[in-house]
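After this come two complexes, each holding chain A, first together with chain B and then together with chain C.
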Partner chain A sequence: MFEARLASSATFKKVLDAIKDLLNEASFDCSDAGIQLQAMDNSHVSLVSLNLKSDGFEKYRCDRNLTMGMNLASLSKVFRCSGSDDTVTIKAQDDADTVTFMFEAKKQEKISDYEMKLMNLDQEHLGIPETEFSCIIKLPSGEFARIVRDLSQFGESIVISCTKEGVKFSTQGDIGTGNVKLAQTNNFDKEDQSVIIDMQEPVSLTFSCEYLNSFTKATPLSNQVTLSLCDNVPLVVEYQIPDLGHLKYYLAPKIEEDEN
Partner chain B sequence: MKTLNNVRNSNHKVTDYFTVRKSVRKTKKQMLREKQKQLEYMVICEMEDGLESRYTEGKGRGVFATKDFEKGSFVVEYSGDFISLMEANEREDQYSRDEATGCYMYYFKYNDQTFCIDATRESGRMGRLINHSRTSSNLYTKIILVDGLPRLILMAKENIKRGQELLYDYGDRSRESLKHHPWLKS
Partner chain C sequence: MPRVKASPKKCIKSNLQQPANSWVFLLKGEALELSEQYTGSGTPDIVTLRHPNTGESAVFLFSPANNSVQEVLTFNDGKRSWFIDETVKSDGKMKLSTPIDPIFLVLPYLRKYCITHAVPLDQLLRDEEFPETERLLKSSGLNYLGLIADRKGDEELNAYKYNEEKTLNWLKKKTERVSEILKQKNIHINSGAAVSANFVKGSKNDSDNDSYLRYAHGIVSEYLMDDLSQKLLKFLNLPEEVSPQNLKRKSLATPGPEAKKSKIEEDNKGSSSNVLDLSKPEIKPKPLTLSAKDKARVKAASGSKSISSFFKKS
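Showing the complex of A and B:
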C-alpha cells in the first residue's frame, strides 16, 4: 500500500507544469525515502531528476517499493481539477494498475477523487557521477527565466560564460547579437535576490535556448535557481522545492562548430 | 519541440556523459509477461529435454525424468490435435470400436467452451505417453495461448528428482471411461 498526503496540491501541480513539456510520460519511483523520478526527453538531450522527500509530506506510507508509470498529460488533467488550496492524497495498492488522487478543499466541504490508469514504461536510469563543477551560480529564478526568454528571441543557443567578475549570457542570430551580464551582488541582505558565484575555473559553454526555456517552467517552484557548469559535463539547472525536495535538469551542451 | 531535428544534429546527448543503468528490478507484471513468453517459447520449439520413455510392467509405456525439475517449471506439452467437442465425440466413437486404442483424449474448458486435445495418433512426442495417477501425480496441466490457440502444457507440481516417473491426473472419471479404463480410479 502506498499513500502520500501533500498539504498543497498546488506544489505538485507546479512540479508537473515544470516537467510536462519535456516528458510525455514518466515513472514515479516510490520508496520509504520518498518519490523520485528520472527521465530523459525524447531526443535524449536533457534529463529531468525529481526528488520529493517523504518528510515533506503530511503523511507518507510506502510498504513496498513501487513504480508508477504515468502519462503526464493525463496527470495534468487530473491536477487541473484541484483547487489552489486543496490538499492531495496519492494512493495506490501494491500491485495495482491504477493510482488514485484525492483532493480535499480546506474546510473539507468538498472532496473529489480521480483514479488514473498506470502504464508499464521501459525504464532507463542514468548513473550520474559526482562532479566537481568549475562554476556554481545562484541567481533569482525569475531573472534567469527573463534572460533566457529575452535572448531566445535572437538566436537558437545561449553561451553561458562565467568568470570571477560575473556571469555573461550571450546569443547571436540573423538579426544581431544580445548579451546580458550579471555581476555578483555585494548586498547579501536579500538572499532571494542576490547573484552568488562560486568559481574554481572560468568556463564558457553553449546550450540550446529551447531547452533552457522549458526548464524555466519550474520558476514558480522556487525564488532561486542554481546553475552548475563544467567543461565536458551537462549543465545542471536546479530548483529547490521548499521543504519537499528538488527538481534538477541536466542539459548536454551544443556541439561546437569546430567539433564537426 | 519545433527545432527537434535541428537540436538532434547540433546537440550532444546526456547519454554521451551519463551511462545507462538498466534497472535490474522488475515489476511483477513484467515478470509474469516474461514467464509467459518463456512458456510460449518452450511450446513453439517443442522442448522435451530431460525426458525418457520407458516400458513399465503393467502400464505399458511411461515417461521418466532424466533431470531434476523444479516446482512450477515447464515439463512438456501435451501435444495433439486441437479439436472441438463435437469432433471429439465423433472420434471417441470411432476409437471405442477398437479396444487396442488407448486413452489419449484430454478435455478441457477454455472460455466456457469444452475443447479436446486428441493425441491418439502416434506422434513421437512425449506428452502423450505420460501415465495417469490420481493419487500421486507430480504434474499439473495448464493452458496457455500461443498465437491465439490454446495449448495444453504439463508443469511440475513439486520438485521432481531425476529417475522419477512423471504422472498427472487425466481428470476423466465418466462412467463410460471407467468401464474401459478401470485404472483411472487409482
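Showing the complex of A and C:
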C-alpha cells in the first residue's frame, strides 16, 4: 500500500495551484524515492516536472510503485476542504481505483477524509537530457512574476536576453514596447533577494507570455526562481519547494518570425 | 463595378478541326488589350488556381501581362448547340469570364499561413498543386493587400501578416457595394415570392436594405471560406436566422459554380486529379468544451515547437 503524510497540506495545495493552470489531469508516480509527476500541457509546448522527495514527508511508505491518475480540478476541490494548518495523509491500496486524503487539524479535534476516484491516463514519459545551459539566472520569484505580468499587458511574447551586464526582459505589442533590465546584485546576507547570473555565453530567446504567466502560479512555493536558458533548448523555470523537492517547468522557445 | 459588363465581344477559338476542343468564350475586352509596355506573346492564359471558396481547382484567366485576373464560369443549359460559320458545334456550353479581385484568391493563403507570422508574399503564393498561383504576384490588385493584412519588416521583403479586423472591414465594403448595385439595378431578391420582373417597387424601406445586404453577402460568400462568411455575417450585424428565400440564394449559389466548374475541370485533366488539402476546414473545429483560457493557450502555443521534440521519449 501507499501512505504519505505531509505536515502541511498548504504546501501540497500550493503545488496543486501551481500546476492545475497548465494541466487538466496528471499521473502521480509514487515510488520509494518519492512522488513524481511529469506532464505536458494540452498544446504540448510546455512540460511540468514535479518531484517530491520521500524524505520531505513526515511519514512515507510505498510498498510497490504506483501510478495515480487524477483530475486536477477534482483534486483541488478536495484540497479546498482542508484548513491551512492541517496535515494531510494520502493513502491508496496497491491496486486501488481510489485514493484517500485525510486532513487532520493541529490538535486532532477535527479529522476529515475524502476519497477520490482515480483515472486511467496513458501518458508518455519523456527523458530529459542533461544540458549545459548558457545562462542560469536566479532571481526573487515575486520579481519574476511581476515582470511577466507587467510585460504581458503589452505583447504576446517576451524576449529574455542575458548578457554580462544583466538580464533583459522585453516585449512589443500594438501599443508599444516594454523593457525590464535587471542587473546582478550580490546580496550575500539575503541570497534569495538577489539577482545572480551565471553566464557562459549571451543568449536571447523568445517565449510566450501566456505560458510564463502560468508558471508564475508557483510563486508562493518559493522565494527564489531559477531560469536556465540555452539556444535551441527549452527554458527551464525552477522553483525549489523547501525541504520537499522541486517543481520545474520547461517551455519551448518561440520560433523567430524572421526564420519563417 | 465588377458586375457591370461592357458589351463583351465574342471570342471563338479558331481551332475548328477539333470541335471537341473548342469553346465559346465571352470575354471582357480589356483582358485582350495589351498595355503599351508589354511585348510578350500577347494572349491571355487560362490556368487553374485554388478556388477561394471551395479550395478545389477552378479555372481562371490571366491577362497577357498577368496584371489582371478573371474568373471563368461555364454556362450550361443542356439543350443547346452553336452554329459557327458553316459548322455546328454540338457542345452548347458557354464560358464567361469576369474580373475578380485577386485579393480574394490570396485570402485563403493568408488565413492559412499568416495568422501568427508574417510571410513574404512570394513564399506565400507558392502552391505546389497550383504552380500558376505565383502569377498573382504581378497582378495590380495585389497592391491593395494592405487592406486585409499588415505589412511586416522591410518593404523589400514584402511580408504580410493576416489582419482579420481589416479583412472584415474590407469585405463589408465589398458587400455594401454589391448591395448598392443590386438596388440600382432593381434586382428582385425575393426569389421565394412570385414577383413580376416588370414590377417596380414604389418605395424602399429599411427591412429591404437588410435583405439586399444579406443577398449581397451570399454573392460575396461565393468567394469566401465558410467560416469567414459566417464571421462576415456577424460583422454586418445581420441576424443569424436564415429565412427561406436566403437559403434559396445560398443553395443556388454554392453548388452552382462547382457543378459548372467540374465541367471545365474535365477539360483540364492535368490539374483536376489533384487531391486537395484545402478542402478541409483550415481551422479545426474545436470541441465545444474548450474554455477561453484553453483557447488563449492554443494561440500562445503557436509558433513554438512541441516540447517533446526536444526530449527523447523514454
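What we mean here is this: the second predicted complex is superposed on the first by the 259 of 260 C-alpha atoms of A that agree within 3 Å, B and C clash if a C-alpha of one lies under 4 Å from a C-alpha of the other, contacts with A are read in each partner's own complex, and residues count from 1 in each chain.
Rule of thumb we're sticking to: a residue touches a chain if its C-beta (ideal position, glycine included) is under 8 Å from a C-beta of that chain, and two chains touch if they have at least 3 such contacts.
Just so you know, these numbers come straight off a predicted model, no measurement behind them.
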Fit or clash - chain C, chain B, common chain A: clash
With the two structures laid over each other on chain A, which partner does A:Phe28 touch: chain B (first), chain C (second), both, or neither? neither
Which partner does A:Phe169 reach: the first (chain B), the second (chain C), both, or neither? neither
Thinking of the overlay built on chain A, is A:Phe2 touched by chain B (first), by chain C (second), by both, or by neither? neither
With the two structures laid over each other on chain A, which partner does A:Leu47 touch: chain B (first), chain C (second), both, or neither? both
Between chain B (first) and chain C (second), which does A:Phe101 come into contact with in this model arrangement: first, second, both, or neither? neither
Quick one: is A:Tyr60 in contact with chain B, with chain C, with both, or with neither? Answer first, second, both or neither. neither
Which residues form the common part of the chain A surface touched by chain B and by chain C? 40, 42-47, 124-129, 156, 208, 210-211, 214, 233-234, 250-255
Listed in rising order, chain C residues that touch chain A in their complex are 117-119, 152-153, 294, 296-301, 303-314
Contact footprint of chain B on chain A as seen in their complex: 40, 42-47, 65, 67, 95, 97, 120, 123-129, 156, 208, 210-211, 214, 232-234, 250-255
Give every residue of chain A touching chain C within the complex, in rising order. 40-47, 124-129, 156-157, 208-211, 214, 233-234, 250-255, 257-258, 260
In the complex, the residues of chain B that touch chain A are 1-4, 6-8, 10-23, 25, 27-30
